[in-house]
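As written, the chain order gives the labels A, B, C and D, with residue 1 at the start of each chain.
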Amino acid sequence: MKETLDFLSTEFTVRDYECDIQGVVNNANYQHYLEHARHEFLISRGISFAQLHDEGIDLIVTRVEIDYKYPLRSRDKFVVRSSVQREGNTRLVFVQDIFRIPDDKLVVNARVTGVATRNGRPVRPGDIVVKMGLD
Amino acid sequence: MKETLDFLSTEFTVRDYECDIQGVVNNANYQHYLEHARHEFLISRGISFAQLHDEGIDLIVTRVEIDYKYPLRSRDKFVVRSSVQREGNTRLVFVQDIFRIPDDKLVVNARVTGVATRNGRPVRPGDIVVKMGLD
Amino acid sequence: MKETLDFLSTEFTVRDYECDIQGVVNNANYQHYLEHARHEFLISRGISFAQLHDEGIDLIVTRVEIDYKYPLRSRDKFVVRSSVQREGNTRLVFVQDIFRIPDDKLVVNARVTGVATRNGRPVRPGDIVVKMGLD
Amino acid sequence: MKETLDFLSTEFTVRDYECDIQGVVNNANYQHYLEHARHEFLISRGISFAQLHDEGIDLIVTRVEIDYKYPLRSRDKFVVRSSVQREGNTRLVFVQDIFRIPDDKLVVNARVTGVATRNGRPVRPGDIVVKMGLD
């Protein structure tokens, strides 16, 4: 397994509509935050979904693991710290942690596994891996 | 202005994740309910977005007016009652009301204006209007 | 009717999960943007929902009018420009416009009416109005 | 580990606003479906969040694992099949699978771990477990 040395930090502020009856961010919304941070990560590496799609390649999520450590509340600021690893020939694993700002309280640990597919079948991520510095 | 005589009633139950910190359904979620009810209405008239799109026609919303009369809460059952009118040559106006079940408490009055477009320009809704019984 | 001279501009970037099958931001999500911008506006005037709630006052939305002029797409940057007016004794009307960045393309015009309530009944907004510079 | 013999099936239909640019249900929305199905499960066992909260007990999710096997699309019907197990003294594990209707295509496998907390500290789920038939 080879891991990139670097990571991307993406900052957010909790919006009130993301909180539920309990006054904390609804569990599903963390997946929205993580997804947005992954897309920012890919873009920072010059990887465009649209361009990949035009080349016949789609990136899809096959597995999500999220540990909820501490809840975010209305107007909390936080950062998603994202890095990526290869796993086997076809899988990419995003390791993503969420920390509250400014006290660095750990909010969420997540592992999100994705594969590159062509016509619905997994393929070696190829060029994507090079752009991510994982080859 | 000609109005269809009939309407469609679509039933829902409030899901907890649709409620916000105040313990009531977040205002934006009523638009989700209304949208789903309009799509059910169109399908009940044999109108398919996908087929229209293949024929080069897109239905888009140009204006929404919503009066919030009474809030829905966790697990409330409710019905969206939808009908449609023509307005001018190109506009369709959906009149949609939401009532709580079983006490028929009025929750929302809404008017949603849409137009049929081809290549981004409004066109007479034509066949759509016939299917809706509005010609 | 008296209007504040100033307004608040709140910047956003479209996140992919806010877009729907048509590749544009789903209509309901504009209400999320507008709500977040109104809350930012209130906070910029020193008005806290939590503090008001502790004083027995709740601010609720009674009517929304939105004109959709041009759709936002994935990763578009945009600004919500919010100002507020009084209307009668109890109503506050937020006038909110959305413009795409950087070309200032008009995306949405909105008018959102709210009232201050105590025990579910409208009251004069009082101190809120003073803080907004509307007295 | 003891498992209840029975499970609850909750039926849904995909709403268009739950789909994203790729034309499939956005990954985060499956968590919404799973949450709603768990709440239905608890209610079917006579367990009320509100009543628990009044007794000082909160049920919170500490970990989610979701395997995405096949995507749902606009208007697909599906069922969430939920059962529950005990794990150790304080944890409850919901095993939840999503199948498309009517062809029983497997869409999602999920394991959602929760704990009962009092004042933010895990407690034995006690009465909850009895009601679930897990004692």
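Please note the rule applied: contacts are C-beta pairs under 8 Å (C-beta built on N, C-alpha and C of every residue); 3 or more make two chains touch, one makes a residue touch a chain.
Just so you know, these numbers come straight off a predicted model, no measurement behind them.
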Reference subunit C; chain at largest CA-centroid distance: D
Pair exhibiting more inter-chain C-beta contacts, C-D or A-D: A-D
Distance from subunit D to subunit A - Cα centre to Cα centre, in angstrom: 23
Inter-chain centre distance, subunit B versus subunit D - centres from mean C-alpha coordinates, in Å: 30
Chain centre separation (subunit C, subunit D; CA means) in Å: 35
Where subunit B touches two or more other chains at once, by residue number: 16-17, 26, 28, 32, 35
Subunit D contact footprint on subunit C (complex, rising order): 16-17, 19-21, 23, 26, 28, 74
Subunit D residues touching subunit B - in the complex, by the definition given at the top: 15-17, 32, 35-36, 39, 49
Subunit C residues within the subunit B interface of the complex: 22, 26-29, 31-32, 35, 58, 60-68
